[in-house]
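We call the chains A, B, C and D, going by the order they appear; numbering starts again at 1 in every chain.
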Amino acid sequence: MKQTPVTAIKTRGGSFVELELAGKEIARVSRPGQFVMIGAGQSYDPFLKRPLGILSVQEDRFSLLFQIVGQGTKLLSQLQPGNTVSVLGPLGNGFSLHPSEAVLIAGGRGIVPLVFLASHFQQAGIPFTFFWGVKNELELVLASYLASFSPSCVLSCEEAVSGYGCGTVLTSFSSWEKTHPLRSGSRVYACGPQGMFRVMQKIPFFSGVPVEVSLEARMGCGFGVCLGCAVKKKEGSGYVHVCKDGPVFLLPEVEL
Amino acid sequence: MNLETRLGPLVLQNPVILASGTCGYGREMVPFLDLDRVGAITLKGLSVMPWEGNPPPRIHETAAGVMNSIGLENKGFHRFVQDDLSWLETVHTRVIANVWGRTEEEYIGIARLMDRLERIDAVEVNVSCPNVEKGGESFATNCRVLHQLIGAIRRVVQKTLLVKIGPTVAELEKTLKFMEREGVDGLSVTNTFPALAVDSERQCLVFERKVAGLSGPAIKPLALKLVYDVRHLTHLPIIGMGGIMKTEDALEFLLIGASAIAVGTANLVDPAVALEIVPGIESYLVAHGMNRLDDLIGKVR
Amino acid sequence: MNLETRLGPLVLQNPVILASGTCGYGREMVPFLDLDRVGAITLKGLSVMPWEGNPPPRIHETAAGVMNSIGLENKGFHRFVQDDLSWLETVHTRVIANVWGRTEEEYIGIARLMDRLERIDAVEVNVSCPNVEKGGESFATNCRVLHQLIGAIRRVVQKTLLVKIGPTVAELEKTLKFMEREGVDGLSVTNTFPALAVDSERQCLVFERKVAGLSGPAIKPLALKLVYDVRHLTHLPIIGMGGIMKTEDALEFLLIGASAIAVGTANLVDPAVALEIVPGIESYLVAHGMNRLDDLIGKVR
Amino acid sequence: MKQTPVTAIKTRGGSFVELELAGKEIARVSRPGQFVMIGAGQSYDPFLKRPLGILSVQEDRFSLLFQIVGQGTKLLSQLQPGNTVSVLGPLGNGFSLHPSEAVLIAGGRGIVPLVFLASHFQQAGIPFTFFWGVKNELELVLASYLASFSPSCVLSCEEAVSGYGCGTVLTSFSSWEKTHPLRSGSRVYACGPQGMFRVMQKIPFFSGVPVEVSLEARMGCGFGVCLGCAVKKKEGSGYVHVCKDGPVFLLPEVEL
């Protein structure tokens, strides 16, 4: 299949990698919240492509940011400029782009699609506040991705680190929210681990405002044919499919 | 170059088919390949009523393979007609409907419904589902039940009738002879292989339903063996499949006597790969001085 | 940490065994690993008389797998005794003799000879060979012949008796019950999977004997399924094998109830790998707060 | 398993690669005619290691020279200094090292073990003549490996190339042999394609002198456990095993 050249690769801290790829078409049509399926090699190990959210797009290139967690991401992290990868995308739906005001809530690597979304809001002049929380100091290397949004950002770390709010991203959001009533037409956008979404489903505030969440699931294809990426619907029976119906869903839609 | 091939009454412009469950209802593939250039597409398995399928996880990777426990999730016949049929009428490729039921009656129901749709060229019966009436054992593993099922379906299907078998078919030889007598038009060989995976970190089986189906390159040598065995037990045309990733794999199945081949799991990784295999087969024929696909089929005994 | 495990009367210091046909007669492994640190080694299958095996090619690679058609080549009992026995007496590991014959008589003959050798700790009967007296069909696929064979061997073997089965054993449940009654001490699960490969360039089957046995990571999900099924059909201890390449693979087999595991094809690629798996299992037990191997065996049902 | 670092890699023409690896032990004990089993990656594709003859040894390194013919050799050709590979060896028996005079006959990549052997003879002061034949001009890039033996070398190319004998290595050997009677205690050493050995078995000259041939065969393990590398014996029934009984055999021993 068609190969996409790697144009740049940068390690961020020990376990994060930013990968920039050539791709005019993907750069042109991608919207915040969409993802690509990317294959690390021509071999069968790993066999399937991996889903990665789109971090940013430039003229004729686009960037991904991922955490090394297993064999697939490890191989991706070893790419060099000039190597090529096979990519399908952009895939999935994206976030809705026209709230009157936005709250962005990211946990850990969930930062990726929200950075893309925040750039859009910044360009479009839509006011937003970006909450980002990490588990430990190591993940704070990613803070650089928020630099350009800095006055609108609230960072927190579960481990005590000087200069950062201590606790989860949801505790820092909750205290902020008490003094910052959202105007009508506001939306919340969230991406992070399942545990974060589960807590959000229990916090009453999030029932009163539209909350768009970007989910992860094990994927077979990424484009809707295998039905592998099923997540239970909250109401009624049956499943939604993260790659085709998502990855962005309304918080109350899905059983987490 | 003549790449045409036949499955009983059904003529395909070339032998490369997209396998059921790996190309949706066709439309999902449009961004990646021109459906009119493959021999046929096989729709995701459909039943009369919608079926929600199995809980996640549904997909697990193994060495050169994929295990799936989709559980035959599908939108049901009526939503298929609503959502997809008129779109399918805009393409010219052959369309094979893959069907299943939990009871014999459900099987006959969906087969009859599909047979009436003009756009459908053939009905492929997936016999590897659990028979809910008979204790959940797969239809394929009980010889008597299987024969009755196939006979009953043949009576309601006028179109090309294909039966899709896997490694667990009961009394293979007897069943193949039975299918010949009943007038089955062709066989799809093979479905996935029953397999197991254990999550050693969480100390549980990976899949809630325990067993899941293994597909992909890992099973190719086993699928070739099954096709070869079937080829020597019956003259029915065979669609060979199991781990086909590239032209050379397809050639192996054709050489041992498959009249067509299907690309399954490979579509998940590279949804355009079928359109590399079609010209790949053509080049092979040219390089080996053959001028029709038929010269290749069954050349290795 | 107690890694001890039992196969009937046979106690192993740890559950990692080298599988038959992938560690020669032990001596070939010496440059790569200390035999005294594995649970046991299984000798290459031996018959009474030397046997020359199949013509080349004998080995073919597949995706994450290897097909072999060695054809049970071996030097025969007497040359084994001459060449290897006194050397084997210098090592302390458990030694399992893998045996086979072309007739029931040959099976009984080799089993009896092995049973008399002090250095041999257990006899493993490979029942997947063609029965030359009964038309070449494998002993394993004919239930009556298989039962008679096992009964006859049990009567001449005083030592631990293991039966090695594969995916083609006839009437699995009945055969397992029969083995329990006859006093078989344990099972080795699984032998290779019958498979086929086609050479599309030369337009022939890769192997002269057509079918060859598939092993390696490709078959792991199928081997796990077979071990799981066998585990639920019998209480006999099982040596689980099929595609084990690393600690995590070994853990999968132990978790679903194998009392020991064997490393086969992996030895060809990395002959020292068994000695990474032994401490690997130990670390896993420590990390999961277990202090004996028995806490792990069969934890996943 | 233990990893061996790549210390240098050089492409020779389009399809040959010289690979130098660190390895004091292998460098110290290897003898001409032995080989190593080498794995290209940590993945299962290809699954088995590949046998490659030893070209030369230095203090604490050794070199291989191979032709890219499939997936395994392709992956090996992409290694970079600093990468590591897994290696077993040295394996197999070697050539006998004390003839009174030697004739070396190599076809194509069969040059590899004979270059190692020729260096030994040169050092030991044993007279030898090195015949090397290739199919086409492309393979002539390997001629540089014969430079240091140059007065004792006879090169031929089946394609007409100026400066080279035209024809097979066996035709050029045959014409040489007519005018160069070998002294007693001489040996012939040969490595090349099966076809070359088959022709040699029919040439009467080679029945009158001990001929050692280095064979190739598909290998499973390379160290004698799998019995995969069987080659039929000429006399009687049964097989020899290239990895353990060979790769060097006497020409009349084996059925080719």
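Quick note on the criterion: a residue touches a chain if its C-beta (ideal position, glycine included) is under 8 Å from a C-beta of that chain, and two chains touch if they have at least 3 such contacts.
Since this is a predicted model, take the numbers as computed values, not measurements.
In summary, the chains found to touch both chain A and chain C are B, D. Centres computed as Cα averages put chain A at a distance of 36 Å from chain B. Remark: chain A and chain D have CA centroids separated by 55 Å (rounded to whole angstrom).
Put simply, the C-alpha centre of chain B and that of chain D have 48 angstrom between them. Multi-chain contact residues of chain B, defined as those touching 2 or more other chains: 62-65, 216-217. For chain A, the set of residues that touch two or more other chains comprises 44-45. Viewed as a contact network, the protein chains are fully connected, with every chain touching every other.
Within the complex, the chain D residues that touch chain C are 1, 39, 44-49, 86, 88, 217-221, 223-232, 237-239, 244.
On the chain A side of its complex with chain D, the touching residues are 41, 43-45.
The touching residues of chain C, counted against chain B in their complex, run 62-65, 67, 193-198, 200, 203-205, 210-211, 214, 216-222, 224-225, 228, 243, 248, 251-252, 255-256, 284, 288, 299-300.
By the touch criterion stated above, chain B contacts chain D in their complex at residues 63-64. Contact residues of chain C toward chain D in the complex are 21-24, 28-29, 31-32, 44, 50, 52-66, 68, 70, 73, 216-217, 245, 267-273, 276.
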